[in-house]
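After this come two complexes, each holding chain A, first together with chain B and then together with chain C.
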Partner chain A sequence: MTGLAADRRTFLKGLGVLGAAALVPGCATSTPSGSGASAATGELALQSSLSSEQTKAALAKMIDAYNKTGGKVKVNTVAVEIYRTQLPTYLASANPPDVYTWYAGSVANSYAKKDLLLDVSSVWDTMKNYPQAMQNLSTSDSGQKIFVPTNYYWWGVYYRKSNFAKWGVKPPTTWAEFLQVCETIQSKGIPPIGIGTGGTPWVASAWFDYLNIRINGAPFHRRLLAGEERFDDPKVKAVFSKWQEVLPYFDPKGKSIPFQEATSVLLAGRSGMFLIGAFVADSAPKDAADDIDFFQFPIIDPEVPVAEEAPIDGYFASKRAKDPEAVKKFLTWVATAEAQELYVRNSTGTVIPANPDGKSADTPLVRKGKAMVESAKELTQFFNRDSSDALQPTADAALIKFMDKPDQVDQILKDWQAAAGKVFKA
Partner chain B sequence: MTQRLKTSGYHLAMGLVSFLWIAPILWVVVISFRSFDDVAANGLGSLPHSFTFSTYKSAWQDADEFRALINSLVVTIPAVVLSLGFASMAAYGLARYNVPFRRTVLLLMLMGNLLPPQILLIPISRFVELTGYFDTLIALIAVHVGFGLGFYTFVLHGFMRDLPREIQEAATIDGAGPGKIYASVILPLTRPALAALGALSFTWIFNDLLWSITVIRSGEKMPVTPALLGLQGQFVSSWNVIAAGTVIAAVPTLAVFLRFQKHFVSGLAIGAVK
Partner chain C sequence: MSPLILAFVFIPFAIEAVWVFWPALQGFWLSLTDWDGLSAPTFVGLGNFHDMFSDPIFKTALKNTAIWLVLFGGLSVIGGFGMALLLQKERRGVGIYRAALFTPVVFSLVVTALIWRVFYQPDGLVDSVLRGVGLGDFIRPWLADPDTALYAVILPALWRQIGYVMVLYLAGLKAVDPALYEAARVDGASAWQRTLYVTIPQLKGVNSVVLSVIVIDSLRSFDIVWSMTRGGPYHSSELLSTYMYSTAFQSTQLGYASAIAVVIFILALAVILGYLIRAFREET
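Right, the complex of A and B next:
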C-alpha cells in the first residue's frame, strides 16, 4: 500500500484526462439512432414473435405480398420466449413498434386496460363474417375492438391410429368409454395417458381447462380465471375428483420430460394418448404424420354446452402508432381470407384461418379440427390466454402438486386460491 | 503395488469426473448431427439413428448466425478493450498513488459487484431509452463496460499493488510522468493479469443474454445468444438445429480460450496471495 504521493494538482489533472476519455465514445456517436425508424420512412414496424423457421418464412411471404400492393411493412422477429417477457416493455417504450403479433382475449384486454392499444373498431367493419366468439375475444372491457384474429388451432386427445388398431380400441366419446379405453391400454402394459410436465408444466393446465369446461361449463371457467369465482369452490373440487379417476393411467415418467419428449414417447408407442395442441402433428416425422389422429375430449356431462379450446392468434397495434391509418389499412388486409390463406399455406400444417371464408390445409386432421371448433357452442383459448401469464404459474404449482399428491387436494386448492388472490390484487 | 493401485484409482476416478463434465457437451454435438425425423421419432435421449450436416447449414441460414456472430464480436471486442483499458487506468491510480478516498472507491466498486445485476434491468432499460441509445450496439457495449469495470479494477488493483515500488521510483528518477509510467512500465508488467481477465471477460460478454435482450429490440442487431433462442419455436423446436447453432456459437470463445489458455490457468491465482 505504499504508492507515491500525488499532489493535488496531478490528481486533478489525471481526473481531467479520465473525464475526457469517458467522453470520447460519446462524441464518436453523438447521433442516437432511433429504433422504429418508421417516422421518417413511413414504414410500419411489425414486431413478430413468429420465430420458428416455418412461421417466420410464412410471415415473410405474407408481408411481401402486402408490400407489393403498395404497403410498407418491416418485420422484426424476436424469439417467442424473449417476446413474451419483453412485450410490456415494447408497448410502453418511448418509440414503440406499430403492430404486434400476439394473443386474443384477456391477454390483449390487459394491455387495453393500460391504454396501450389502438382502437381498431373500424377494421372490424370489414369483418362482419367473423364468428361471435372471435368478436368477443377481440373486444376490450371498454367495448373497443382492439385485436384482429388471423388464425387459430385446436386441442384434442392425440393418438396413433395404428396403435389403437393394434390394441383393439376405438376413440371414446364419453367419459365412461374413455376410462374403458385407458383400462384396455393399461392391460397391454402401456401407460395409457402420456404427459410431459418436466420443464413445461403448463401442459397440465389443458387437463384442468378441459375438465372444468366439461363439468362446470365455459362461462364458469372464464369467471374463475377472471377472479370472479374461487379456486376452493366445491365446483372446482369436483374437477379434481374427476381427474383423480384417470390419474392412475398417467405415464409416471411424464413428470420428468418436457412435452416435446412426451410427443416422441407417444409416436414411439410408449404411451397411448396425449392431450395436446394441434402443433403436435408438426413435430412428427413425415412417416408418422398420416398415422396421427385425435378425438374430442370426452363429454362428461351432456347437459353442459360443449366448449373447445381454440387458441387464437392475431395482431394488435400500439396506441401511439405513428400512422394509425396505415396500421388500420394493414390490419384490414390481414383480416382478409386471401392474406390468411397465404400465411396458412406456407406455415405449419395445423393452423386454421380465422376468417371463415379462408381455406385451411386440406388434410383429414385439419378438416376434423376445424369441424370440431366450428360446431362448439363456446370457445375458450388456454389457461394463460384466458387469464394472464401471471396466473399461469399458480396453476402450474397447484396442478403439479395435485398430480403428485392427489389426496391433499383441499389444501392445494386453498393454496391456489391464496396465490391467485395475490395475482388478481396486483 | 499400493502405489500403482492408487495411481490407477486416481486416473479412473478423474477420468470418470472428466467424462461427467464433458458428457453434456458431447451430447449436444451428437444431437447436432441427427436429423429432425430421428429426433422426433426416437427422442433427444436416444442413440443417433442418422447422420447429417444439414443442421449446420440451416442453423447458419435460419438464425442468420453469421450476422449474429458479427454483432457479438462488434460488441465483445470493444467492450473487452474499453473495460480493461479503463480498469487498468483506475487500478493504476488507486494502487500506485495515494489518491484520497481510494479505499472507499475500491470498496464501492466491489460493492457494485456483489449486487445482482438483475435489479438494474429496469433502470438501465429506461436510462438507455431516455438517452436515445435504445436498440443500439453502443448501449450494449456501454452496459458491459460499466458492469465489468468494478471487478476488473479490483483484480488489477491487487496485481499492480504487488509490483515492486523500486521500478516506479527508478522510472520517476529517469523523468517519466505518471502517464509514461503507466504506459511503459506498469502496463507491460500487468500483461499476464490483463490476458487472463481478457479471456474471462471475453467469455462473459460473449455469452451474455440478459443485457442484449434488455437493450436491443431489432432482430438484426441481436448478438448470437438471443439469435440461438430465436431458433426455438413456440411449440415446435428443431433441437438438432439448435444444437448445431450452439456448437457454432461456441467456436469464438473456444478459440480465445485456447489462445490464452496459459494465462487463464495462471490468472486464476491472481490476487490469491497477498
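Right, the complex of A and C next:
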C-alpha cells in the first residue's frame, strides 16, 4: 500500500514485492512466535522495513557507525509489504524485536493505544529543536512520546521544466490558474494530469488528501480519517465536486498502469503533471534529473491555513524491549543530526533529516521541498499514515470508482462511509 | 501390528495435528469471534456469518467465485481433455506440442501474472492484435474495467491450468487397454462413438482426481488475482480468497476473515463430498 517511499523508489522491485506478498497468507496464520531476538547477548534487535537496495545500505552504514561507538544493534530487514502485514504480529509476539522502523502519527498511536510501545519521552529531552508538528505526530493520545522521527519527504505536483517551457505554461499557484494550465496542455494533445492506479490504487488518495486539506483544512481531514466525521458529509462531497472539475484532464491510460510507469510517462513527456511524492525524482535518469521540478498543490481557498503532505519516517520500540535503557540510548543517537545526515547522505537523494540541524542533499529541488514543508502551517502525512492501513482499501475502492463513475458520487460516499464504519468499529 | 507401521501412522499424524488440524480448528473458533490480531478475541457467536448477508463485497466475491468455478473449472476440463485427445497419439513432433502446453504450468503464477500484465497494458500485445484485425473499437483498459477485469484474470489462469489437466488426462488415456478400442473397432464403432462409450467411461478414476484438483484450485485461486488486480477495480474481481486475505491482513478483521475461510472450506467440502458419494454409490 501506501506511504513509505523507500521501496517505491526502485522500479519493478515493487512487482517482486507483490509476488512476495502473495506468499504471505500461508505462513502468517501458523506461527505467532516472534522473529526471535537474541536475548542473551544484550544485542538490540532492529526490525527494518527499509528493504530497497539504497535504503538498506544506508541503514547498514548508519548502524555500523553506531556499533563502532560501542552499541550492539543487529538489523533484520523484511520486505516492506510483508512488514506491513506482519508488524502487529512482531509487536504482539512473546519475544518481540526491540526497535522498529515505521511511521509517525496515527499508525504509531494505534499501537500505543494497545499498550505495545515504549515511552521514549526521555529521548525527547534531547530533541528540543524539533518542530512542533513532529512533536505532535510523535505523541500518543495519553501524552507519552512514543516515536522518534528521523527523516521525511514531501509531495507536490511534478513536471519537466523543458516541457512546460515548450508548451508555454508556468507553474500555477491557484486553482483557476491550474485549470488554465490543464486546458493549455490538453490543447497540445498531451494528457495534462498523469496518474498510475493500475495495481497501485493508493496514489489516488493523494488527490483526495490534498483537495480535502485545501478545501476543508487539515484539522477536518484528521478528524475525518479518525472516524470523527462522516464520509457522506456535504463537506466531503465538495471535495469530489472540485475533483470533478479536473477529471477530464486525467490521463485515460492512468488506470491501467502502475504509478512507476506513470512516472516514465511523465518523464517521456506523454503526460504533463503528476501529483506524487519526492521519490519520483530518484527514479529519473541522470539527464532528466535536473529538468524535474515541482509546484505546490494549488491553493483553492486562501482562508484555509496551508497544509502540506510530508510523510515522516522514524523509529519506535517495543514496550517489552529487553533493555529499555539501551533502546533509549540508540534512539537518542538516531535523533542526532549527525546520524541522520549519515543516513540521508547514503540513501536516496530526496529524503530530508527530521532534525532541523541536519543537512539534506544540496539540490534546488530538495531545498525547495524543505522550504515548502517548513513554511506550512499544518502537516499531514498521507491517507494511510493519518488513518490506518485498514482504512486505505476503503479509500482505494471509493476513489477509483469515483474516477471511473463520477456521476455515482452520492452512492460511492455512502458505501465508503459504510466500509469505513466497519473499520472503525473493528 | 509392527511398531514400524505404528510409527508410520502416528508420526505423520502428530505432525499434521500440530501444523494442520490444530490451526484449522483454531480457524473455526476464530470465525466465531471479533479479533484484531492484537487484543484478546471476543466471542460474537454467529455474528460474522450474519454480517455476510448484508456485506455487498462478500456477495460480489461469492458470485465471482461461482463464475470462477464454472468458467475456470469447466473450460480447463474441456480444454485439457480436448488437448489430451488431440495429442495422445504418438507421432512426430507431438512431444513439442505437449511440452509447449505444459510450459505455463512450470511458471509460478506470479510470473504468469507479470507476463499477462504486459500483454494487457495499454497499447500492449492484446491491443495491437485487436487493432491489427480491425477490432480496435473493442479495446478497453482490460484489468481496470470492472466489466472485464475478472475475465481478464481467468484467461491466464486457464492458460496454465489446461496444460496441467491435459497431463492428467494423457496419463489416464495411456492406462486405457488398447484391446477395448480394438474390440470397438471390430464392432464397427465410429471414432466419436469410441470416445463417448470407451474412452470417457474408462477415465472415471482420472475424472475424480481432476474434479478434486479443479475445485480445490478454483477455491484457493489467489496469487494470480492478487498479483494482477488485487481484487480491484473497486472489488469487481474480488474472489472469496482475495477478500479473505484483504480482510485479514489489510483490515485486520481476523474474525470475519476466518468466517470467510470457513465458507470456502464448506464450499470445497460440499462439492468434493457430493461427487465422491455419488462415485462410491455407483461402484457398490
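Criterion: the second predicted complex is superposed on the first by the 389 of 426 C-alpha atoms of A that agree within 3 Å, B and C clash if a C-alpha of one lies under 4 Å from a C-alpha of the other, contacts with A are read in each partner's own complex, and residues count from 1 in each chain.
To be clear about the criterion, a contact is a pair of C-beta atoms (placed from the backbone, for glycine too) under 8 Å apart; a residue touches a chain by one contact, two chains touch by 3 or more.
Only a predicted model underlies this, so the values are computations on that prediction, with no experimental measurement involved.
Visitor: May I ask you to decide whether A:Leu46 touches chain B, chain C, both, or neither, giving the answer as first, second, both or neither?
Guide: neither
Visitor: With both complexes overlaid on chain A, does A:Leu87 touch chain B (first), chain C (second), both or neither?
Guide: A:Leu87 sits against neither chain B nor chain C.
Visitor: Quick check on the superposed pair: does A:Pro201 touch chain B, chain C, both, or neither? Answer first, second, both or neither.
Guide: It touches chain C, and chain B stays clear.
Visitor: Counting only touches as set out at the top, which of chain B and chain C does A:Ile312 meet: first, second, both, neither?
Guide: Neither chain B nor chain C is touched by A:Ile312.
Visitor: Which holds for A:Ala397: it touches chain B only (first), chain C only (second), both, or neither?
Guide: A:Ala397: touches chain C, not chain B.
Visitor: Classify the contacts of A:Leu267 with the two partner chains as first (chain B alone), second (chain C alone), both, or neither.
Guide: After superposition on chain A, A:Leu267 lies in contact with chain B alone.
Visitor: Look at A:Ile63 in the shared chain and tell me whether it touches chain B only, chain C only, both, or neither; answer first, second, both or neither.
Guide: Neither: A:Ile63 stays clear of chain B and chain C.
Visitor: Between chain B (first) and chain C (second), which, if any, makes contact with A:Lys255: first, second, both or neither?
Guide: A:Lys255 sits against chain C, while chain B stays out of touch.
Visitor: On chain A, which partner's contacts cover more residues, chain B's or chain C's?
Guide: After superposing on chain A, more of chain A is contacted by B.
Visitor: Quick check on my understanding: which residues of chain A belong to both its chain B contact set and its chain C contact set?
Guide: Looking at chain A, the two contact sets intersect at 1, 18, 21-22, 25, 29, 85, 89, 261.
Visitor: Quick check: in the complex, which residue numbers of chain A touch chain B?
Guide: 1-6, 10-11, 14, 17-18, 21-22, 25, 29, 32-35, 47, 49, 51-56, 76-82, 85-86, 89-90, 93-95, 97, 260-261, 263-265, 267-268, 277, 279, 282-288, 348
Visitor: Which stretch or stretches of chain A touch chain C in the complex?
Guide: It comes out as residues 1, 15, 18-19, 21-25, 28-30, 85, 88-89, 91-92, 114, 116, 197-199, 201, 252-253, 255-257, 261, 389-390, 392-393, 396-398, 400-401, 404, 415, 419, 422-423, 426.
Visitor: Residue numbers of chain B touching chain A in their complex, please.
Guide: Of all residues in chain B, those touching chain A are 36-45, 58, 62, 82, 86, 89, 93, 95-100, 125, 129-136, 138, 141-142, 161, 165, 168-169, 172, 178-179, 213, 217-220, 222, 226, 229-239, 241.
Visitor: Which positions of chain C touch chain A when the two form their complex?
Guide: 19, 23, 27, 34, 36-39, 56-57, 108, 110-111, 114, 117, 120-122, 141-144, 146, 222-223, 226-230, 232-235, 245-246, 248-253
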